[in-house]
Every structure is written in structure tokens, then in C-alpha cells.
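These are the structures, in C-alpha cells.
What follows is chain A paired twice: with chain B in the first complex and chain C in the second.
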Partner chain A sequence: MEDALTLILAGISVGSVYALIAIGLNLTYWTTRTMNFGQGSVMMLGAMMTAVLVAGGVIDALAALASLVVIAAIMVFTEVFTVRPALKIGGSMGWAVSTLGVGIILQGVAAKYFGSQAVAFPDMVFSAQDYVEVFGVRFALQYLAILVLSVALVALLELLLRRTVWGRAMRAVSMDADLAAVAGIPVRPIVLGSYIASGLLAGIAGMLIAQTGGTVDPAFGFDLMIFGFVAAVLGGIGSSSGALLGGLVLGVIEKLVGGYVSTAAAHGIAFALLVVVLVARPQGLFGQREVVKV
Partner chain B sequence: MLDVAGLSVAYGGLRALTEVSISVAEGQFVTVVGPNGAGKSTLFKTICGVVPAQAGSIDFDGASLLKRPAAMRAHLGIAHVPEGRQVFKTMTVHENLELGAYPAAGRRQWKHTLERIHTLFPILHERAQQLAGTLSGGEQQMLAIGRGLASAPRLLLLDEPSMGLAPAVADTIFERISQIHREDGLTILLVEQRVAEALELADRGYVLETGRVAMEGSYQTLMADDRVRRAYLGMGEA
Partner chain C sequence: MTGVRRLLTALVTNPVAIGLLVVALFAGAGWMSGGTLQILTFLLVNILLAQSMNLLTGVAGQISLGHAGFFGMGAYASGILMKSYGLGFVATVPAAVAVAALTGLLVSFPAGRVREFYLAMMTLAFGLIFREVVREWNDVTGGAMGLSGVPSPMLRTLVIFDLKIDAAWYFRIVLIITAAVMWLLHNFIQSRFGRAFYAIHVSEVAAGSIGIPRAATKRLAYVLSGALAGLAGAFYAHLVGYLGPESFDLPRSVEVLVTTVVGGLGSMAGQVLSAVLFTFLPEKLQVFAQYQFIVYGIILAFSLIVIPRGLAGLLLLPPRFVKRAALRRVGDAAEPIRAVQATSEPGLRVERVTMRFGGLTAVDDVSLSLQPGRITALIGPNGSGKSTLINVISGIYQPSSGVVRFFGRAITGMADHRIAASGLVRTFQDPRLVPSFTVRENLLLGAHRLFRRNGLAAALNLPGAIREEGRHLATVEAVLRMAGLAEVADRTIESLPYGYRRLVEVGRALLAEPRAILLDEPAAGLTEAEMALLARLIRAMKQAGLMVLLIEHHMDFVAELVDDVVVLDSGRVIYHGDVQGMRRDPQVIAAYLGETEDVDA
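For the complex of A and B:
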């Protein structure tokens, strides 16, 4: 029984990582129904640049801030040069290819300048030894920080989306950008803002995740992004609470399967379950089917 | 108030408007009629900034609109109600109206305009919490117009508000539009297929054919013209 609890807590740990990534992916979905498939590389860059700067003697907070500034610039580039042109052509999926392309290029650039070896990532918020005990089982504070951040973000984003005029404006942009513009909503700044916010979130996620493993290398982030994407789909794309729940469910299933069946099967079975869920509920656990009358 | 001069617009290489000039004075009701594909919707989309102009000018209160993004034009007081009763379907009726009030003028006068919208279209009050996508066609059109009004505009562009509606519903819509003009003094530019009714409401009318202004004038002038009578009113020569 204690075994199960250990596994569940481990699942919640990785699940909160998936959730945080999923929330970042959702932000751009809100405004444009697109996702930045280069998000994995953005996470990597956030962690990598911070690690390299800290190794070079820059203080932690400044290193993190500098990395985030670079990420913001990269996101502006991504939106303006790869997403916006693709969206001009109705029904085009070009953005999926172009954002993935930017991600792959960033990964290549990182490998060239930082080398393809793993770089040690400094302890920033908590060290790997910090933990709390939950019913006698250790829960690392590094993961707790990610979980708390995810939960706080979900609360904040739900509030923003449901209760504020900006949230409503954002929903309007995603439904019909032209109609939103005609209603006076500054579509371009909102879309650009969602890309920047999404990138910053990914950068922060990258740092928090890198500190749990202690290292970061250029390939870091890609698999995580895939699982974040799965979490978003599982929870219902665009839904913040869905992203949180989807991430946690995915993480816990992965660890339970890993513990009771086999680690090799963990991802396979987790994906099989995902398929089953999506067959039963195509809109995801928290997604809403759109009610539309023509 | 609105001066469009020598406006040309193309989609890709295809010309949709060729040197179109129309003007609307403050307080006027102006109607644009013409067959399908004449470029009426394109004209409206260019005025509100969704489609870029190729040549010519669009001035609002004497200042050029061409360099201004669509959202800015809404803030200047131009409300566009596009054809096809477009509403934000997964938002409630009330949320749609609130979004319409996004421009500063709309926010300032929100209480007052909301009351007015509810007086004009009581059904929007009854259905305030219902999702817009679940409304009937006529109700969606009322909501689209209400959303335009919610911005407290100075110029209201209405693109075929009666399209696809049952005659009785279309009559109601027409009556409300006329009321908005008479009682609130709002300046209106209307595109309509129901030519006779639309021209009757108007101070002036334009006939658009294959992207050009084929004719313009008062209701009397246009209604007296044989070509208009034959082409749009199904009447023979007088």
C-alpha cells in the first residue's frame, strides 16, 4: 500500500510537470488555435542559458531573467515570422511545421554553442534533498514547487478567462479574429502577447524541471513537450483545469504502470489509455463540445 | 462623415472593387444595393479594415482610415455588422453584448446602451444567459446588431441584415433599423437585397454592379429609373 502511495506521489510529481507544459501550450491555443511545437526547445533554452550564465558567474535570478528576455524575443520571432504567415492561409497547418522547425533549429543552435553534453543545472528554488513527508512518503519540494505553480496558474488563468474583459477578448479572438477586430479588440497585440506568455511559461517550466534532474542538454524538452501535449489533449485542449487534471492523470498512470507492470510499458500503456479516453470523450476530460446552430 | 473615393480592392489578382466613391453625411441613412458578387461586402470590409485597400481613400471625419488597423476604426466609432448574422457562438448573449462594448465609448455608455438594446430587442434580455449559438437565426441577427450598437458607434454598417430570415422576422429587423435611425439619430450605411424596402428607408442610395458604382441618387431618382425597376424590383417599364 505504501508502495502505491509512493508511485502515486511520483506520478503527481511528473504529472505536475506535464500540466505546467500543457498550460503553456494552451495559451496560444486560446488566441489562435495553434500550439508552439517548438515549446520543448524553448524549455531547453530557458534552462540551458540559465545554467551556462550561472556557471559563468552570473547570479541565479539575473541569469533566469536574461534567459526569459531572450525567450520573449524568440517567441516574437516565432509568432511574426512563422505563425502569422501560416494563418493567413485558411485551413493551413503550416504553423505546426514552422513552429516545430524553429524548435529544431534552436536545438541545433544550442548543440553548436553549448555542446551536446548535459550541462549541470544549479539548485535554484529548492535542492534535490528538500522534501516533505506525506503519510510517511517523501515528496520532493522541487516537484511541490512545480505542482503549486501549476495549481496557482490554473486558478489565475481560469479567473482571467472567465471573469475579466481580457479573457473575454481572448476567447473572441480565438473564435473569430476578424469579428473580434471589428469589435475593437486589439487582435495582434493579444496574439503576440499569448505567444510571449506561453514562451515565458515554458522557460520557467524548463528551469524548474531541469533542477529536478540536475542537468540539461539540447535534446531536453522534446519528450516533455510531447507529454505536455498529451496532457492538454487528455484534459481538453484549451482548458486550464483540464491541463492540470490531464497532466496528473497521465503522470500517475505512467508511474503506476511502471511500478506494477513494467517501466518499459509505462508510456505505451499510458498512451493506450489516452486513446481509450479520447474514443469515449473526444473533447477530452474537461473540454466542452461547442454548441453551434447554423 | 464617411468619404470613400476612388477605392479599388483586389483579392489576389482578382478585382472586387474598381474606383468606388460613396459618401455618407452625419445623420444620413445610405443604402447600397446590387446583385450577388457586386462587391458590397468587400466595400464594408474595406471600410472597417478587415480587407486592405489597393488604391483610393477612405476618410472618416476628414482623417484617413487606411493606415488604421480594424480595431482602431471600431474605437473611432465605426461599427460593422457583417453579413451572415455573425455572433460569438460559444459565448452567452450577454457576453456578446459586453464584447461589443469593448471600445471606450461603448464602456462609458454601457448601462444606457444595454437598456436601449433590450428595449429594441426584448428577446436579447430574456435570453441573456443563453449561448448565442443556440439562438434562432433571427435572434442571432438581432444579437449581431445589438453588439454593433453596444459600441455606441457614430456610424453603423449593416451588411444584409435580412439575409436568410423568414419575411416576418426580416420585417421586424427592418423596423428596428429604421427606429435606430429615427429615434437615436444614428448614421447608417446599409447593404440589402430587399431593394425596395431598403431604398425606401434611405436618404440616398448607390447601385453597385461588378465592383463599380453603376448609379446613385435619392430614393425617388433610383425608384424612377427603369434599369433599377427592371433589375431589382422585378417591374417592367412604367
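For the complex of A and C:
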């Protein structure tokens, strides 16, 4: 029983990571119905650049800030030069491929200039040894920080979306950007803002995740991004609270499978779950089906 | 520029030129160095892989971000069967193709149910699942260490029928098989199967409306694409002699996608050009090799935006989707649409159909029937439920209650493509054609449900398949003339103005030789001249004994064409009778003009 509890807590730890990634992915979906297939590389870049800067003697906070500024610029570039033109092609093939392309560029650049070997990532928020005890099981504070951030973000975003005029504007943009523009909503800044916010979130997520593992390499973000997709899909794409739940469910399933079946199967199960949920409940476990007009 | 393209196209699609090239390579293989043979064989592998990707993503429109999975399936199947089970090359290669095709079939079930970026995610997941399985299944695949010692001609360890195969003969074998597969694939894509792939690529709803089953068509695309990738994988396995999971990871999938996108989605010749480019570039250009990943990223990020049609779009004329032999055979012969055997009973009965969306009742207890050889107009204000009713009849919506019978058989709940295949077809308010197809190809697409020859006959260009395609092309010719489209028959839809598209869509529905046809506002946006042509088409339908249901707002157009009128208002039938009666009917007047005051009171 204590085993199960350990596994579940471990699951909640990694699950909160997936949730954080999924929340970031959702942000752009809100405004443009697109998702950044290069998000994994953005996470990697946030972590890796910080690590390299810190190794070069820059203080932690400054290094993190500098990385986030670079990420914001990259997201602006992504939106302006690859997503917006690709949306004109029609269908999602254009932007799915072009954002994947940007991700691959970033990964290639990181491998070229930071090296393809793993770089040590410094402890930024807590050290890996910090923990609290929950029912006699250790819960690492680094993970707790991620969980707290995820929960806080979900609360904030739900509030933003439901209660503020910005939330309504964002929903209007996602429904019909042209109509929203006619209604006087500043569509461009909102879309651009969602991309920047999504990128910043990914960057922060990258740093928080990198410190739990202690290292980061150019291929670091890709699988995590897929787990983020799984979490987003599980919870219903676009839903913040769904992303949180989806992430936690995914994390717990992964750890339970790893603990009771085989650690080798843990990752495969997550990918398989993506396939199954997309087929059986494309609106997510907690979402409602969209009605499509023919 | 078009002249250059025409010349280049004539060259790369010329069977004699291709034949000579194959013969020259076959004969020349004896003089080539080991290194040259290796890279040329690798080129052939890349060509096959690019064709596989092109078939699925370029032609059938199903994006694949996990294509290395199919490739790896073939490679591991052939490698393991030969190394661990001692089977011969002639058994392992077909087995690899079968295993990869089966994988394609399995993937098609979940993948066939999702579209757009959900599909991108799913195929990504498929590729990763394959990677995980290969990495973790140590006993069979060698796990992360890989599988070495796969018999290979480079090491002189590959034996076929007791003959030691050297690099030159291996190249020759792969060359001949690749050339044969390309020929079959080319013929297949130019048949109704290739056209059906394109139809579901462009619009699954429109494809269903002319009787193309989307699930089965997608399944076929996945199976064939899997088989092609499996073949490429098997050849690759014996070329390199070592299989490691990293060879079939995401970068490989990205590489194939890059090749296909740069070659030009949908163009077989473009794939070959692109495969040549991406096989030799890393070899010749060390700088390229160093920046390979970055370059691939840049290509993916921008090529669809900058050159959406790839190398093929720049250098070649767009590919065509009709068998040239069939076109030659027909010449300009025209075969009119066959008349339907007349029956006096109504063929289509809508019985008390109600359609609710949440709290909104769009169609409310509607009954009507269509008679062969009669045109029935369905009119009513906007939002009165006309299009919804057509969507119910054609199987796109399932009604909340009520039944639609077609020649006695209840068709409610049947899939839209099965309803269409049984002879009940429709058009849409917004024409849904294949933009890159010519007018002729789009019309031929309409005859899809009438084709009987199987895929093998189409791929082998058997006389029967050519004859069949020719027969339908003759009918297409007749419709082209009737609809005034003969002049633009070989122009692509995307190059034509709106009015033509409407006529083509109506013509396409007629080509299905249906027994009933539902036209949703076919005259909207047409000029007077175009409307006259449309009227001619609709009269031809009547003469051929079809049941015609016509939704239309244009009253003069309706008045001179139709036999019966059904008027809907707020989802209910408020009038059923002839045109004169409708004009006097107070309820109809009220619905259109608002309530009239009774002046006598």
C-alpha cells in the first residue's frame, strides 16, 4: 500500500510537469486553434540557455531572464513568419509542419552551439534534496513547486477566461478572427501575446523540469512535449483545468504502470494512451463534444 | 517558363527515357565502385520511402509524422527473419512488406478516425511507440544495442538461391523492383483509386456524397503506404547490415517528410528529384551534413509557405489523374447519360422526419416524396431547414425521428457514401471539388461508384481497366458538352471562375448516373448564361428519369423548371403543390413577406 502511495505521489510529481506543459500548449489553441509542435525545443532552449549562461558565470536569475527574453523573440518570429502565413494555406498541415520545423531548427542550433551532450542544470528554486513528508512518503519540493505553479496558473487562467473582458476577447478570436477584428478586438496583439505567453510558460516549465533531472540536452523537450499533448488531449484540448487533471492522471498512470508492470512500458503506455483517447474521446475525458456544421 | 516545364515533364515522364535510364544503370552497375553502388542503392531506398510518404500525405492527405515506424517495421522484419530464423531474401522481403502493410492497416483504424493536427499527434505517437518497442524488446530487436550481422551484399554475406550477391547485383535487384513498383504505383494513382485518395484529401464530406467510402479509402492508403515503406525498409536493412533504433527515430520521419514536401506533395516525379537531392547533398557537401538538422528545420518551417508545390511545382507540370491510354482510346467520342428505367411509384419518401439540434428544431415533422422524371423544388426563407433536410436525406445527419426510404429501403442511419453508392447523390451550397483536378477529372470522379475493376487491374493497366475508364470518359464528354464546359475541360478547377465550379459540381453528380439527385442552391451566384446551361443540365436529368430535388431562391429559375413545389417555414411544410398555387397561398406569402392584414375586416 505504501508502495502504491509512493508511486501515486511520484505520478503526481511528473504529472504536474505534464500539466504545466499542456497549459502552455493550450494558450495558443485558445486564440488560433493551433498548437506549437516546436514547444519541446522552446522548453529545451529555456533550460539549456540558462544552464550555459550560469556555467559561464552569469547569476541564476539574470540567466533565466535572458533566456525568457530570447524565447519571447523566438515565439514572435514563429507566429509572424511560420504560423500566420501557414494558416492561409488552409487545414492544419501547414502550421503543424512549420512549427515542427522551427522546433527542429532550435534543436539543431542548440546542438551546434551548446553541444549535443547533456549540460548540468543548477538548482534554482529548491535543491533536489529538499522534500516534505506526505503520509510518510517523501515529496520533492522541486516537484511541489511545479504543482503549485500549475494549480495557480490554472486558477488564474480560468479566472482570466471566464471573468475578464480579455478572456471573452480571446474566445471571440478563436471562434472567428475576422469577425472579432470587425468588432474592434485587437486580434493581432492577442494572438501574438498568446504565443509569447505560451513560450514563456514553456521556458519556465523547461527550467523547472531540468532542475529535477539535473541535466539538459538538445533532445530534452521532445518527449516531454508529447506528454504535454497527451495531457492536453486527456483533459480536452483548450481546457486549463482539464490540462491539470489530464497531466496528473497521465503521470499517475505512467508511474503505476512503471511500478507494477514494467518501467520499460511506462513511456510506451503514455503514447498509446494518446492514440486511444484521440480515438475514443477526442473531446477529452472531461470535455464536451463540439458540434461541427457541415 | 511553361515551355521549360513542359519539356522537363515530357522528359521525366517519358517511358522510353525512363526505360533507357534503368537499362543504362543496370548495365553500368558492373563498372561502378562499391561506394557508388551503395549510395545509388540508398537513393532507391529513399525514392521508395518518399513515394510511400507521398502516397499517404501528398495524395491521400493524411499527414504522417511517424513514417520511420513503417520503414523500421520492414527493416526489422526482414533483418530478423533472415538473421534469426534463416529465411531467404525471397521470403523475407515479401514478409517485410506484409508486416509493414499490416502495421499500416492497424494504424489506419485509430488514425482513420481523426484528422488535421490530431492526426499529426497520433502519427507522432505511433513513431514513438515503435521506437519504445524496438528499444525495450531486447530479445528480438537487440534493443538499444541494435541488431548487427544482418546479411548484406556489402559484406558478401547475402545469399539468394545459393548465389552470393555482390553490391552490383543487389543494386540491380533493387533497381528493377523499384522501377516496377513505380510503374504500378503510377498507374494506380491515375485510376479511380488515386482520384478517390485525392477526393478524401480535399473533402471527406464531398467524397462521401459521390459514394467514396472514407474509412475504406484511408485504410487502403495506409496499407499501401505501409507496404511501400516496408519494402524500402527491407532493402535498407540488407544494404547497411546493421539495425539500430536510432535509424528509425524521429529524425528519420522528419527526413522523409522533408523529402516529400520539397519534392512536391502529390507528385511522383518530384519525389524522385527530391530523393536525389537529399541523398547526394549530405555526401557531396560536408557543410550540409554539419548543418543537416538545421537545414531540415528551415525547410519544414518555410517550404510549404514559400514553395507549396515543391520542386515539382517549380520544374514540372502538375500530375494528371486520368489514364492517358484511356483518353487516347476515347478520343472525342461522347456517350450520353443512360436513362433510368421509369417507375410510377415515388422512389424517395421522407416520412415524418424531425431533426433537433439541442433545443432547436430545424426540421419539424416533414414528409415529402419524389417521383422519377419529376423536378421538385424545396423553397423557404433562410433558416427554414432546407439544407438540414438534404443533410438528413443524404445521410450526413441522423434524424431525431422519422424515416427516409429509397425504393422501399429505409436509408436513415446508413453511411452517406453508401446512400450515394445506392444512387442518391447531392451537391453542396459551396462547390466542393478537387481544386487541382481538371474539369474532366472532377467529372470523372463523379462516376466513381460505377467503376468495377479492382486495384490490381488498374495498377497493371489491364485492357479491361482502360476500357472501363474510357467508357466513363465518353460519358464525361457528353456532360461536358451539355454543360458548356467542353472549352475548359482540361483546365484545373482552381484556375476557373465560380460559375464553372457550380456547373462542374452538378455535372459531377450527374456522372454518378444516380436515380435521385439533390441540388442545394445550384444557381446561386450564376450569370444568366450559366443559369441557362444549368437549366439544360437539370432538364436532362428529368428526361433521364431522375428524381430531382432542387433547393433554390431564384424564383424565375424555379418557376420555369419545376413540376412540384414544397415550401418550408421554420422547419415545417407549409405548402405542397404546383408553382401557381404557391404564389396565391396565404401562408407562403406570410412566410416570405410577413403577415398580411385582412383589409375586408
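We adopt the following convention: the second predicted complex is superposed on the first by the 277 of 294 C-alpha atoms of A that agree within 3 Å, B and C clash if a C-alpha of one lies under 4 Å from a C-alpha of the other, contacts with A are read in each partner's own complex, and residues count from 1 in each chain.
Convention: contacts are C-beta pairs under 8 Å (C-beta built on N, C-alpha and C of every residue); 3 or more make two chains touch, one makes a residue touch a chain.
Just so it is clear, the structure is predicted and the values come from calculations on it, not from any experiment.
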- Task: Look at A:73 in the shared chain and tell me whether it touches chain B only, chain C only, both, or neither; answer first, second, both or neither.
- Result: neither
- Is A:176 in contact with chain B, with chain C, with both, or with neither (first, second, both, neither)? first
- Partner chain in contact with A:165 - chain B first, chain C second, else both or neither: first
- Message: Of the two partners chain B and chain C, which one touches more residues belonging to chain A?
- Response: C
- Item | Touched partner set for A:188, first chain B, second chain C, both or neither | first
- Between chain B (first) and chain C (second), which, if any, makes contact with A:62: first, second, both or neither? neither
- Item | Common interface residues of chain A - those touching chain B in one complex and chain C in the other | 291
- What does chain A use to touch chain C in their complex? 34-35, 37, 81-82, 85-86, 89, 91-109, 111-112, 222-223, 226, 229-230, 233, 264-265, 267-268, 271-272, 274-276, 278-279, 282, 291, 294
- Task: Would you tell me which residues of chain B are touching chain A in their complex?
- Result: 48-50, 69-71, 74-75, 79-80, 82, 86, 88-91, 95, 98-100, 102-103, 106, 131, 133-136, 147, 151
- Show which residues of chain C lie in contact with chain A when the two form their complex. 57, 61, 63, 65, 109-110, 113-114, 116-118, 120-122, 124-126, 128-129, 132-133, 136, 205, 250, 254, 257, 261, 290-302, 304-305, 308, 357, 391, 396-397
- Item | Of all residues in chain A, those that touch chain B in their complex | 165, 168-169, 171-172, 175-176, 178-188, 288, 290-293
